């Protein structure tokens, strides 16, 4: 019985634990609850993925109502994959969090903070698992609202401002998405994703559908922080508490990308999106421009968190590149880059958290020479950075390679060249930090600093090790992504 | 007798075993270095064992699995790679021995890191040597770049940082922007990346999937993309990497890095393009010119350097040009000459670097102009230097004589007489910048009286360089054997 | 009977509409705040009262009528009391009726505001 | 078919448009807030005439009640006066115009207002109204039925959103020096 | 552009105008509170867009009056659909002037006898023309949720604004920027 | 700080509040039959508390509905809602499948599992909304001014 | 099947009782239009309103007119169960007014001012 209810437990467990934390109070208890539950959720998503691999996609009717009437859960390769890494990152970041939370968030807020964290996780997972378009919006808002709150928690006064900017843009994005949902609903009479895919009038490209698609795309682009509408992201990532940044940076934008993939490949089908609308070429252009602009900005940052934030914007560009190629290989590359980037960025932001704890600063100049006093942390940075650059034997290489081969195969020569050249910009900004860590005389802070506590280093290294592991063993990263892509394209055409 | 197929993973895995042991015993230097020596000896023995099979005509192979879907890591041993592996593994023992003496007498820090990276570099060299496809080769190549970076910047000061910047910058950017692109392109037109005798591009060319011009461009991408081959104008990293400790320089210039570069060029020329195709289409003609220019310019610049290591570095640039030239000439003789030169130059150049290091250890002198009259205090070192210099110049009884002979034959076969002239002039220049050093050391009186108690470097430094010096002479007599084992690679498809 | 009730309710509705519009015109056309309150008052009490009563007649003796009565009760209580509070507040802030142009008007002192709010309203 | 409903429709829409423009153009912030309340009232009235009493109910309660109070609370905390009234800025105007034009373009293929043949009314079949009488054993309010049962999961999400918002507001505004680990950030500010 | 098209779409257009007014307030970047007000209006207008979709001409709110609901018996689920339909069809809201009794009785009798023969002229006249049609409840449900989301967002945004004002001393975009630049 | 200068408002408020509460309960439990439901009822209840707080001062309101209690109620409502779903799961149905709830609790009013389920769920919504809205008002109103 | 017929008839009659006559509907429409006109006038005053109080007054009036409009529209639509809504409107209008008064009069909603 439990087995058949697993999809629900995935959502309900964190959803119920959040209020339970508030109800019971007590920050230690809240933390333990949150940790246990997020670990459970990870276990559940593993089990779900295993079942999907065994016996195909799982459908679950909530309330026992058949899909056009009720809401259903759909766990297929793609959603299972995304949920797997989201829940994994959530659990690991939570295991890592207590020390930084202790430092960066006032004690009276811890209980509610962990509740918010769980809610954010619920929202993200809910977006992945649901098979209903409107439900996506609802859970999008759950995750967004809790992340606004979590971002604003840091002690700097810029944090609330960053959160508000994010909120305004994010809400505009969500509202655009809502408009899009409305138009789609009006043309199909249903909200179920499968149903929409079947009923959507695509012939001749009805203007309403075009506009609906455009609005949903713009809305999601804001949430994904695609280049021209990315302005919320750098500040939000920079001023949020370290643990929050690690979690949100690794998961939140990825889930939006997931929704976008669903939209393009499942609902509207690539023929509609890429042939009728020139979405592919536009997205490619945007992605490339974004990659260059963001990477260049990253080079000039003196704040490491901001540097990584800009790099995130650039990396989203790579995902979009893959998605907009419209072939199975490209899609695989996009999907696997979601996973890879989640690992890399999660790991790097966790490293930043370690420095923030020991050096009380994320300014690059304060990190000078920390490589000597904090060798393990610094090595983690270097390894994670290699992943971001895309050096072989790290996950970054896998996605870069897939992207490249796809681009070459589909004869997007310019894309291939620009992509490779742009990845060199990553070398510059990552290496700037590495050099600061290793080739400068220790600054005052760094000289006095001690190695980060084991409770933070171990989770960090788990993630970093994963970036290396999945760089050579891709059966369950690129392999799954490939199956997901195949399923998407098979169903779409 | 161990099955040759198994020997592959044993030999590739051994450096990783060494890596583990080094880190395990990081706290007790004797144990650590003892392990390194032990493992490297075992590795050499294993490689020899494997060589007996390969040179007898066996082609053992071992496929690890897919690293990126569709692209597998696989190994297949052929004579050229075997030769390279023999050189690398054999010289690792000596370099380790030498490094122990050098590092200890200099009281260098971070020795564990040093030996670890060394082991990884050898691992990469072995992987590259045995690689069965271009993809594996590329991965190994990149791993090599990254693992040697900490070695180059070992001292961790500003000078090291600047050197490291150039090193990493050039090697990474060329490999990512050009090499990777070339690999992807090759894959897209040939449909495979497996090395095959006679090349894989032939059918594609005959089918018209790639024009002659494009073939030339592709060759260019490879030749310049493999920055480790130090073809001008991408040779700057080599002198820049001279900031490294001398054992590292020895490793870089003789054993691993540059040899991986030229080895890759050879592999690409022989097994991807195929020398027949190159010869027919003459697309590699321009590469001959570039290689010729590199040879000449490298020698000329070397003349101007007073710093011994810098002079040796430019000498290496020049010598690498020979090997590239061998590949570009695309005649059986020239290819064999190039392959042979890998071994000849390796043994010769490592001797020279060992000598430079020994001199530095004993006298703390880096500049040639300060070395007058040292010969009497350090006879072994300077005699070894002289022998090795003879080999590099290409005079009997140094091994270099044979390889240069075959290259010259290659130029004549191609009717590129002016290239023959270039080879001659370069040899003269070699004489001009290498031989004066031992001459002065023995014949000139010292400007100032050498300090009392000046004597040879520690035996750990001197013994290896004596062995390699003897090696150059041995190779002179073994060249026929080398010619025979290399002959199969030139066979047509 | 039914027709009579209907006609009565129509009349009430029409009257209510009339007063409502009159009040609306009043609130736009009258010269200053306190006289405009008069317009507002007309619509809020007469207009609302008549219309709701008319509707009650329409509904007959049902739950609907009770609800309408409740609404009327609610409106009749809240609207005047908020109007009253508004007027008080206006006076307290120094707004004087147009007709109240006493030459000896004291200048407003910020500190005294709370103590003398009734002076204007009681007149 | 122009009838009295159309007239009311047009009248309310006109008022809505006027209110919206007023909000955009009025100087005083508090007045803008009050007009937002009016806007909510008006839209609720219109929703009522569009047969959505439940939404009207909620919009009135939320938009005109709670939101107004919240806005005024904030305004009281932040100072009443907007210092500089934003001048007319062409770039946002352009963005808005383009967005609006795109939307209008999108409406051209839409089923007309109230069209019974619209997909929304044709699918799923039987409709919620028809089904719910069986499924719900005679629950009259179909909206409630859909809200709490058919799409009960959405509503659970909605509850979670509200809870999240509550948590968020407390998190954001709770005093940092509050030593009490448990609930209630503001009790010691008595007097 | 025919008149029919205009009449069919003008509601949407006005709603779009309202949305865009709200959107303009959001992005014209002045006072933070004003932005949130704009957001509110933007969202409210989107609610209106949805509600317009649910409307059906001549329809009524999807609340089935208890009297009608009572006519349903939970037991005979088998024929329930047909019964429900016809019971509803029996009454015509839009013809209040007509003496309601007769056609209903007729219709009901017909129905009771020949549920299947609905296509028969007499009953057809009663049933097809103007049964009480119910507007679609789904947009209402969606918007109930969306309204809640909207107020939740507003509350969080306002809380953030309070914090910003306390930290910066202002809630004007440009002044905040100036403060940030100074520090 | 209460609105001492407006005695009429105070009286009227005192008069109205019981009716508002009654109205809220009506909306809560009549939601199945007419417009209304848990959310609307919650908002009305919270509005009543807010009104009380506005007129008689924040402290008075906090005495009526202590913030600690409200914060717990916030959580409780969500738990009621999700708990109903879990209960249906334990009884063998899908999540939120009310047909699996026993419905002999109060047969006149709640003739079926669906009715019971909807009742419970609306209760959960009502509790959460009341508590959250009140809490939000408290937090805003309790914030100190900085001038 | 046969037993269901009387129930159907009863139900139909109940619905018929809810409906008014055509004239009443017309009357209601007129009233609604009048109320709308008043609302417009109030809105005009609210926009013009030279002082704060004029605006508040107009807004208050606008609120009460909305309540009336709802009542009338109820009858127009023959859905009397919407009257709850009117009640809610008047309540919310009152709360809004009180909040506004408190705002203009005290400038604070509970906490003390600190300087």
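Observations
Think of it as A, B, C, D, E, F and G in the order they're written, each chain with its own count starting at 1.
Convention: a contact is a pair of C-beta atoms (placed from the backbone, for glycine too) under 8 Å apart; a residue touches a chain by one contact, two chains touch by 3 or more.
Here the structure is a predicted model, which is why all the values come from computation and not from measurement.
When the C-beta pairs in contact are tallied for A-B and for D-G, the bigger tally goes to D-G. Note: the chain lying farthest from chain B is C, by mean C-alpha position. With centres set at the average Cα position, the gap from chain B to chain D is 71 Å.
For this pair, chain A with chain F, the centres built from the Cα atoms lie 36 Å apart.
Separating the centre of chain D from that of chain F, both taken as means of CA atoms, is a distance of 20 Å. Per-chain CA centroids place chain B at a distance of 89 Å from chain G. Listed for chain B are no residues, as none touches two or more other chains. Touching of two or more other chains is recorded for residues 15, 18-19, 22, 62-63, 134, 138, 141, 145, 148-149, 152, 160, 179, 185-186 of chain A. Across the assembly, chain F contributes residues 5-6, 9, 16, 27, 33-36, 39-40, 44, 47, 50, 54, 59, 71-72, 74-75, 77-78, 82, 85, 95-96, 98, 111-112, 129, 136, 139-147 that each touch 2 or more other chains. Under the touch rule stated earlier, the contacting chain pairs are A-B, A-D, A-E, A-F, C-F, C-G, D-E, D-F, D-G, E-F, E-G, F-G. Listing the residues of chain D that touch chain G in their complex gives 4-5, 7-8, 11-12, 15, 18-19, 22, 26, 28, 30-31, 34-35, 37-38, 41-42, 44-45, 48-49, 51, 53, 56-57, 60-61, 64-65, 68-69, 72-73, 75-76, 80, 186, 189, 191.
Residues of chain F that touch chain A in their complex: 71-72, 74-79, 82-83, 85-86, 89, 92-99. Taken together, the chain F residues at the contact with chain C in this complex read 5-6, 8-9, 12, 15-16, 19.
Residues 1, 3, 5-6, 9, 13, 16, 20, 23, 26-27, 30, 33-36, 40, 44, 47, 50-51, 53-55, 57-59, 140-147 of chain F are the ones that touch chain G when the two sit in their complex. Those residues of chain E whose C-beta lies close enough to touch chain A in the complex are 19, 23, 26-27, 32, 35-36, 39, 42-43, 46, 49-50, 53, 138-139, 142, 145-146, 149, 152-153, 156-157, 160-161, 163-164, 167-168, 176, 180.
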